[in-house]
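Residue numbering begins at 1 within each chain, and the chains themselves are lettered A, B, C, D and E in the order written.
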């Protein structure tokens, strides 16, 4: 995140941003960057971009970087961020929106074969189905 | 060319002051309109408006303060309520509803005042003379 | 009281002990449930997209079945199912257009569902509804002296619209356990996520969470940890052993479904518990406390 | 002493006003005793020529009901004016235009089209309309022409007094007749009823809240109205506040809101506009969308607010549709 | 018909260049009612005014119409002038043929025709204008100040110093309010009590101030200049006339309860003064905690009182007063920490609010100014301050900024550092709002000199771990989550208007905004007035504000009150809307449209009555009246109807 980034009106109101808004239905502009979402996120240590920065990047239109990020795939949809947000931003929906942006461009993130076999045999159905619901369209 | 006759009611605090500003700024507008100064747009009674139509007015304009700016807190909303229902009713009376207009014009909106008056005058001009028979 | 019951996939397999103990507890409290004749997968994780109504078909199908059953209430034991079904209702209710679209996708279902005809209920709320006094009276082992850490997880508390209690500071499990004669242990991580389905992709997250959650419960002096979610259960029970392999100082704690504990306190026959399904064997503690 | 000559005449009306005279019951005998009826088409046979033959001013008083909308009515009322000392506009139609006055919302052609062609039960494939001249075997007949406009009596002739109501209540008729017979007459142009609006005598006035506000408009046909509650407070349109009192609250007592047949009070010219102004003020909102919805929810405001007074309130018939 | 004189002003060439004045005069000469018409170059000049006055006399005119510039400019001029020749000023009307005619039209014919229409319509108005006298309202020159905090004290003193009587009503037994609880004040760090107590004493001893503590407003009626108020004094069980404030009863009272003044940290007795410098310095008995009231035994205070001042039979009492103006300065409460379950509020003893920390810092506080934490009395070495707790949180708490927290939290951290030199203060913040004289410098000093660590981000969770309070937050500037094992956590809780503000607002008929604060008449130009005439607002009851702003606003309320009191009568525009009782049926449609509650139904008479003093002459009710009984004076329906006809007449 040290590289200079160009900010422009074109980027801030790009089609990608609109599509994300359509999928998620979230008004990201209510965010005032208190960071409570990141502070409360149980998986933030595993993320490359913390949730509050994700929202900031949506505000600035950096969707191309977000779709490359691991963050949406680390998110477990526990909704803690949404509940904690003082401004009513549904961050969890934004994460879902980012996953969908990737999945709808014909890219599947999950793969049964990648799972450790020993673990796979033990896993309850809800773990597997839950995971695939979020990683395969 | 048909010269419409337009009666207007302007609230003292906003629209009449806006009209004064248009004058002080030496803006010009169509002379077809003649204003009556009222304390508040809420004083304008539909009876006065129909009086105007009955006596041959081709258009009636009411000017009040913008919502939230009324000198009397809520008078402009009273005007709004009355005009909304009145527009519906005059349509049934066979008076074109566009002959009646309510506009919010503030004391600072001299320019807007002239634009509203000119635009309204032209609209009424297009509508032509109001048609009625005296009973 | 008559209500419909929706088991969901895991309660028929890995969480058999949850289903058996829950139904036994309810029966003991005088409530019988009708399992939906023909139920479908709930969809597991509620789709949070606004624009894709296809995702809602799975839960709506089940809700249609529930409406057809004629019972107003639908019990969902699995918290994932509870969350998905309840959020589906929130998403579609009062929106005729959405419902219309969803119905167009469903050829076999003839019943129209509008969103308000079925109440999805979880077992904690149901027990409170039956009455804490009644619960108290049904307890036979009143002097077990158990210190219990109640773990809520996410699905019953979030988002706010479907929360069964305060998302920040819930008390319903503690209330129930206090009525059942247990001592409650408050620990700061009782509402924090266990890592959920990320066990599949990123088991490290779950390990990290388990270490925090279990560690905190142990530190605050709990004998047992109870919960309701089969996925939390798997994550917190199964992973404890993995952590202990890496870190000998890590102290484990047995994990039970809250209904298992209630059944034991009610003196119901122990064969419903399937203790073999537990990774951390709770029997030593239970024996020590005189519950087995 | 000769009894004063009195004429009753009917123009465009329903006949209810004639009934109202009959409704005087036994009192009618007193009236008949005291006067000499020279014209009463509904009850007795007189010819126009009989009246024409009378000296100008020889009829003490003519009671004329109904509004004026045909050439025949026009001729008759002018004739009676000439022959009468006093003319009393009897009932809402002659006073205000009444229900027939609502015809001024449409053109004559529209009305004829509706009645003679468009009504589903009418079978008139050749679109035959009534004609004023008609040739029959005996020769040519002339029928009265229907005017383009409906007028109140005072829009055609000078009127001395007004007896309001649809129909006027017997006690007001009796009071008026007695006043005329005794010569104890008020100022010319007076409406022979109370000066305050109906709320003054309304049996439900005590139920009115201190601050009257409404959040939606209810239609009578779709509302159960409590028998003791102010209609307006319940959101039901009642013209009571804009209508002269004196009717005996007959509608209110039958759990029907006031429709305005007594016309406005003397300080008001335009009953409909005045009522609209007061009524819209009641709406408790400052939200433009809600205000729009409120205006939309008032069905047929012109018909409702001017039900009886269209012709007298507007004093003009607009045909400005564009 | 009235005789109207029309005076047409040329305004130099301003009117005369576009309006054909000779033609205008010629055409209007015979207009019905126009008895005299004359034009003049500058009608507003002295000779012009003289001309008008002379003609009124010589032509025996009943009313005049001056056709000139906007009435905003010279209506008053001419109305003053006509009064000198005994014409009622309301018979003088202005026809605006400059701003709304000659200046905005170019074509002479058109402008002349329009000027004619304007003048004719104003002539029609003048024909039916009545003589009117301004409504004279007497003024009771006594003020009521509600609330005895710094705002109320400042307002009361400023009014009293000008020679007028003030009743200062305070709910507690002593004045002083929140400011008395504070330790030092930002940005100067002078001792709050040191600057406040002299003012309290002044207020207590002022010959024009009647202190009514332990009292509340019970009822009010009337209007500006003429309010009637009823004040309730709660039962004190101590006869203050006899009591000298010696304190013996307090000393001997065996019952101790947590002190509200010390935020529950210290104790007080059941008979008590809230703090030693109380004004008046006389105790009250808290009957909820008094042993005698609870058990029927004790009465120790009664026994020891040398003045026989204890009176267990005392009841609440009421006084009724007439006042001309009211200042509402009821202050604020701190949003309770109990509402912050995620921060352990109410559960963790070492999570406290800022006001409690003020008491900890205060030299007169329960720990004598030593910073010790509530749980075990240890000196905290790591201390975390969290800002915006409950504020700026529309989802869960309050949407507004509480304004004072940025500065007082900075001050807290600084004062802590001054007391505990080896301690480390941390402040979690979202924004630092340090707009104020010396505020930014103060904030800089905290960072540079006192090494206060500012962390930009919110805290998601606070929990107890052994004897530490663990704070889990984020520093968004470094992008990392942070965890601090603190000894004490201070929450800068939101502030909100004092309890009971809704009831008070209802009683006073003033409005409150969506957050519960009192609404000012105009956010910029009338910031100390309420929407009800004669009622003024000061301090945090109107919005969160710090001491300097509070004092400034309180002083401004005094200016408003004095302005009111400087007048012998209040003159009220007489163009109010009256009621013709002969016509009014009491339908009540006019009542709800009145924004000033000036109209009420007299059910006995069956008519609506208007309070002429409350009526502000908008005329909304006249338009709403369906029977024509409500008519605005000199703006009657007939006048409007005639004006419209005059404009439209060919």
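Criterion: a residue touches a chain if its C-beta (ideal position, glycine included) is under 8 Å from a C-beta of that chain, and two chains touch if they have at least 3 such contacts.
Please read all numbers here as calculations on a predicted model, not as lab measurements.
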Chains in simultaneous contact with chain C and chain E: A
Higher-contact pair (C-beta pairs counted), D-E versus B-E: B-E
Centroid-based (C-alpha) most distant chain relative to chain B: C
Chain of greatest Cα-centre distance to chain A: D
Central chain (by mean CA position): E
Inter-chain centre distance, chain A versus chain E - centres from mean C-alpha coordinates, in Å: 48
Centre distance in Å when chain A and chain B are each reduced to the mean of their C-alpha atoms: 54
Averaged-CA centre spacing for the pair chain C and chain A, given as whole angstrom: 26
Chain B and chain C, separation of their C-alpha mean positions in angstrom: 66
Multi-partner residues of chain E (at least 2 other chains): 342, 461, 593, 620, 623-624, 637, 641
For chain B, residues contacting two or more additional chains: 45-47, 51, 74, 78, 82
For chain C, residues that touch 2 or more chains besides their own: 168
All pairs of touching chains, each written as two labels joined by a dash: A-C, A-E, B-D, B-E, C-E, D-E
Interfacial residue positions of chain E with respect to chain C in the complex: 341-342, 461, 463-465, 470
For the chain E and chain B complex, residues of the former touching the latter: 70-72, 96, 98-101, 103-107, 110-111, 113-114, 117-118, 121, 531, 575, 593, 595, 616-620, 622-624, 632, 635, 637, 640-641, 643-645, 647-649
Chain C to chain E touching residues, read off their complex: 166, 168-169, 188, 219
Sites on chain A touched by chain C in the complex: 22-25, 42-43, 45-46, 73-74, 76-80, 82-83, 90, 92-93, 96-97, 100, 110, 115-116, 119, 122-131, 133-135
In the complex, chain E residues that touch chain D: 580, 582-593, 600-601, 603, 606, 620, 623-629, 631, 637, 641
